[in-house]
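These are the structures in question, set out in turn.
Two complexes come next, and they have one chain in common, subunit A, joined by subunit B in the first and subunit C in the second.
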Partner chain A sequence: MAHKSSEGRIKELAGRLRPGPGFWTLQRHSNAVRYLLAVVLSLLVGCLLFLQQGENPLYATYVMFQGGLANIVNIGTSIRWATPCLIAGAAVVIAFLSGFQNMGIEGQMLVGALAAGIVGYKVSLPHIPHLLLCFLAAGLAGALYALLPALMRLYLNISELLVTIMLNFIAEFGTYYIVYWILMGGTRSNTGAAAIKTEDILESAEMGTLIKGTTASTAFLFGLILLVVLQVVYKRTVIGYEAVQIGQNMEYARAGGVNVVKRFFQIFLCSGFVAGLCGGMEVCGSYHYFLANFPGNLGWEVFMVANAARYDPIALIFISCIWGVMKSGSLQLERVTTLTRYSVNIIQMLFILFVAVDYVGLYQKYKDRARVRREKKPAAKEGNQA
Partner chain B sequence: MSTLEMLFGHVTMASAFRVACPMIVAAMGGVFSHSAGVFNFAYECIMLCGAFFAAYGSHISGSYVVGGLFAAGVGMLLAAVFGFFVYKLKANAALVSSALNMSAWALTTLLLYTIFGVRGRVVSDTIINYPKIHFDFLDRFPTLSYILNDNIWMVYFAYILVIAAFVVMYHTSFGLRCRGVGINPAAAETVGVNVGRMRWTTLLIMGLFSGLAGSYMPMSGLSTFNENMTSGVGYLVWAAILVGKSNPVLTAITCFVFAYTDALSTVLTALEVPMQLVSMIPYATVIVTLFVVGLRSFTGKPRILGD
Partner chain C sequence: MTEYALTMTGIRKTFGSLVANDDVDLYVRLGTIHAVIGENGAGKSTLMSILSGVQRADRGTISLGGRPVEIRSPTDAVAHGIGMVYQEFMQYPGLTVLDNILMGYEQKKGPFIDRRGARKRLGEICRKYCFQIPLDSPVEKLPVALLQQVEIVKVLYRDARILILDEPTSVLTPQGIEGLFEALRNLKAQGKTILIITHKLKEVLSIADDITVLKDGRVTGRLTAAEADEPMLARLMVGRDVMLQADKLPCHPGEELLRVENLAVKDTVGVERVKRVNLTVRAGEIVGICGIAGSGENELVAAIVGLADAEKGSRILLKGEDITALSVADRRARGMGYVPQDRNRMGVNRQGSLWETTLMGHHIASGLFRQPLINKKEARSFSQDVVRNFGVKAQSINDRVGALSGGNVQKLVVGREFSDHYQLMVMEDPTRGIDIGAIEFIWKEIIRYAADGAGVLLVSHELNEVMQLSDRILVMHNGSLLELENGRDLTEKEIGLYMLGGAEYGSQVQ
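Moving on to the complex of A and B:
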């Protein structure tokens, strides 16, 4: 057997790295096409909205991007708003990849955040144990809140979709009640604080900031690592494989020996744990106290972001970052122009709608239809002549 | 007034009777689309936009009829948008519903600011209300009259609609085909039902009635439009349809129960129960109702049925 020279070896490796003939087809890059087209289309419609409100659309778009990316502080704001998307999005992916519609992310986030907020200021511990205790409390609270819908699905066969949405509302009012009536004593505190919130958490419970002068915390790194770990788990471990099988074809999983009931329980509680953890990290990392009803629309937005990413952890990272930039841009837009942040909300919604469309599939369909029509024409002509 | 009288007396019942109206009208449209297997829960969006455009239509034309027509038209338009994205562009139905629900608040607030020029709420005499109807024969029964009399037309229309929906759903061929499409589209197709057309029809019906239901709130006597006026009612409508399993009568009863809990909130705040706990009640009621209904299939063993 002839030894290959080192030159020959390098050439062979380079040959393998060079993309083959089928690399640049549309199918391969259908995701990139979707994201690009969605951003362009939603910005186009957004420009129409800006025009309707009397602002120069190009200037408004420039301000939006400047708000998201211009300087280190703005990038910090983008990171800060991408973080809950990442972690809560991970919770959504965990649930939905296994076919379970845990729509209660907002509720689990709220109870987790409240737990972390309370542990944050009532308990006094050194830095690392305090942080870990806060996270544990947050995650457990979220998992416990996911317990009721899980049990109702297992024992009473009630779809968790509606139950979790109702629990969201209950958590919204419940946490407000606990903070306002029990913790704040039913009256606004006489320090003049206008917000319904708990006291500031102790310094030992604060997470490190990523960028000085912003509220971007190390939770962003945690989110990135979490999603990478999830990707590895789903692609390379047996547990991940089973989880995805439960989502795709439950009977197949059952036949393959997966204990579906036990796995469902574990996955659902896991999703609740991560959602609670997200709330806890919001409190410990960015807010440093628990603010009543802080998620706002975030609870619903993460579903759309995760769905837009087709529940793929790595795609979720990219879309969350785009989402964070848009959110930061909307805040800047509100400061600098007369536009309100609702315009950018609408653009975000349009982005989600446009991302959900399968452009490459549609393009293929129309291409095929055009081809069939072209092939029919000469046959028809022959038929007429005959 | 004693507590019992406050809880079940004619004031609360009257309030429940009225508040149930928008929920029931929207739900009657929704039962058809849900029976046909259209997974659209954008009731919140359609009702809120219907409310805004009813106020707008009434404002620019000075007539409540135009307001109502605007609302119904916008409702059908939004349902068509849903249909376009889900059936033509093959997007995920839950995603499009969520996106529509969320964007409704932003859109109506934006339009409130650009068209009426105010933030938060607009109270304007130019928003003409629906006229109240008075039945003379009810004057003989004061309690009943308090509950049933002097309501706008939509309140009476809602209850008539329940009967009509029940008849159409279970005693006409349209209702039968609608349910068939939902249960097994392939089987319906083989019998000759145009599944696509049936889905679009029920979708537009749902949009029409939800939009009309939305027009209740601004034009029921207050002449006002608030930011996020519906605030969760759309989700309760969807919950009612799911709990009532698309049966118009059961769904209407569930809507009435939700409306009753809503009416209860005024009573309970008067009894010094904190407002947040009171706001929780409608949502907790849904869970309790589901629990009670689900107990029938309780076997004591945990099991997962595949979808």
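Moving on to the complex of A and C:
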């Protein structure tokens, strides 16, 4: 049909005005452009920062990439830091894709990690069962820790957002307390080390390393598999379909017959379980003991990482890897230049910022604007002649 | 010589390759009520957003009182005396009416807000135009009709000389509409110029002086209300003859499908909104319930479909089976479909694709949800059937629902529910805020659906719709249901009295 129906035209129009892709219609090719541009832009701004700090920006950038990718050991370090991003990011995706605000990833990670740490050295079992028991303990601890806010949401209608944030602090100091006063008996360890940590886990509870000489563990593979599985769940299964629909419009899902309360419980606890598991894998895979407050900023960064991936499991894999490279690059930067890791931290945040930009939409907007300007010119001339 | 308050000439607005307004001319005489009508997607909204500064035209001129002006932003529009009353009210819950009106245009005394001065001015405005609004009550406590008046007072407070009302009657009851028209006539009498965007022809003819008809971005008619009639306007809007009367098929009621006994429902704050009502729906009949907004009709429907809990002692039976305690999913699986009132909030997922939205509910009714994996093939073919059979204008079932026009979204929801072989269909306002072409289509579908042997419970705020379609008419008033024995013979006004005053008031009719 040469002449488009008015509805068709409006539809096109609306599509252009709001290009934010829904989960199902996400266009991956534009994602690649977005990530690349975000990396380049954040590095450009980062260079200014390096310059201001009195370092050669090109050299600093080089060092950063070298630290992240130059050799197998550095890649291992990158992988090590990408791993918690992957798994905790998955926990965020699970909750947020359905619109449930589990801000308590950090707390759930901590209790999960402590559970795995304790099981790791107190229980003696053959390798595989011991590992599985550690994971189970970690996951259950995380899920239980998510249970409280879920119940408070359901029965008292208290925002899960607030409760989970508060529980993060309780977890941070609670685990600290348990480790220092109960497990360590209130004294620093007999070696005089300052760290508040549990005893090393038994060798049977350690995960295999991926790259020798680094702390990159098989947890990375687990994270990859987990996200691919999530992707399949969201794309192919009924429960995934319902989870996505709830997240995009809960009222409509309810009217359609989805048991929103049940799904809320399942999804929230599942998110807590995965977060706890992430903590457990940090202990079994990288640290090999529970270290008080080990996640540091990670508990917050994962929200940004997952958001930058727009809660898409596959995109999350890429962003986590970029994140890991930057993190490991920042450590290298600190070692060989006068810069601190905080400079890279700023670049990481800039990256998140630039990833959020809708470049395709921007491009479209400016193209439209230029076209209007072009169209206006001849019109103005005609007006003058008349 | 006629004096024009507003002229728009040669307005053209394109979005990429599509032309939303194509050489549109609009002449609005000073001190008149001018209606701009057209189907959804005809370009009314674009034209108005150009006038109110939200969008800028590619070409064309706007003159106010004969002087060409340039409107670059909404603030510009306000400064030029153009006041927009939107379909969705822009009000902040938690603030009082007064503060909502002042928001953004606060009268100041030094660094402070001069509430006393503002109150005085608002009092004058209300007196002058005969509005009665409680300035100090929080906005969320106000009924819809009053909220709309608040919006009108707000633009008057901003010294609007030209008022634009976007679909002002879509949220109102017949009585509320009368009240609004009264207010508009008052405004007109005081010299204001009013522009109404609508697609309801009856109302256009009763209130407007001049009419401009838009279709596909072009003006297809420019006439005075005196020389226009409904079929003529409909033809100009749609481009063909349109049914304005439903061709109701004779009804042969069969077995009883739904029986509601002694139903009571409380709302979230514990007020009893439905007070022990009884109701039956048989196979093949359309039972219409009308009532003014807030008379308990929403709670009644919510309880029937399973979205709200019924109080103790209530019984809801579907085909003889007690379903009072069952979930929405169980009721769907047993053959109860539901077209919710607010399609965007409860009917569809605007961010998702067409097929996702059509799958919702169907995946339960068809038993698909019992399998762990989505049967994509089935889901897609079901979705394609809905889109094809119900004339949803979309390029593919992967399109975003949010990109569809209101009428098409509604067709999608109705189509989804009607394609599922439910025996009982509960519908709330199935044609709210959509254009005549789509209304005609959906009415036909409802009639055919009932004729095929299903029962339909139709709850609508559109009295005309209930009267056109129903075999039996029930009036909901203050939580009670009243069956009108001779409902189909009553006039709109008479039923309106029942809606307002219940049985006692309504009995004066006979």
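Please note the rule applied: the second predicted complex is superposed on the first by the 356 of 386 C-alpha atoms of A that agree within 3 Å, B and C clash if a C-alpha of one lies under 4 Å from a C-alpha of the other, contacts with A are read in each partner's own complex, and residues count from 1 in each chain.
Everything that follows uses one rule, which is that a residue touches a chain if its C-beta (ideal position, glycine included) is under 8 Å from a C-beta of that chain, and two chains touch if they have at least 3 such contacts.
Predicted model only: the values in this text are computed from it and were never measured.
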item	value
Touching partner for A:Arg153 - first (subunit B), second (subunit C), both, neither	first
Touched partner set for A:Ala255, first subunit B, second subunit C, both or neither	second
Partner chain in contact with A:Gly208 - subunit B first, subunit C second, else both or neither	neither
Subunit B versus subunit C as contact partner of A:Met166, first or second or both or neither	first
Partner chain(s) touched by A:Asp368 [first = subunit B, second = subunit C, both, neither]	second
Which of subunit B and subunit C A:Thr237 touches, first, second, both or neither	second
Touched partner set for A:Gln245, first subunit B, second subunit C, both or neither	second
Footprint overlap on subunit A, where subunit B in one structure and subunit C in the other make contact	251
Interfacial residue positions of subunit C with respect to subunit A in the complex	15-20, 39-43, 58-59, 215-217, 305, 307, 327-329, 331-333, 338, 340, 345-353, 356-357, 359-361, 363-365, 368-369, 371-374, 376, 393-395, 398-400, 402-405, 408
Footprint of subunit A on subunit B - complex, ascending	85, 89-92, 94-96, 98-103, 106-107, 109-110, 113-114, 232, 235, 238-239, 242, 274, 276-277, 279-280, 283-284, 286-287, 290-291, 294-295, 297-298, 300, 302-307
Contact set on subunit A toward subunit B in their complex	49, 52-53, 99, 101, 148, 152-159, 162-163, 165-167, 169-170, 173-174, 176-177, 180-181, 250-251, 260-261, 264, 297, 300-301, 303-304, 307-308, 340, 342-343, 345-346, 349-350, 352-353, 356-358, 361-362
Residue ranges of subunit A touching subunit C (in the complex, touch as defined)	4-18, 22-25, 236-239, 241-242, 244-245, 248-249, 251-259, 368, 372, 375-376, 379
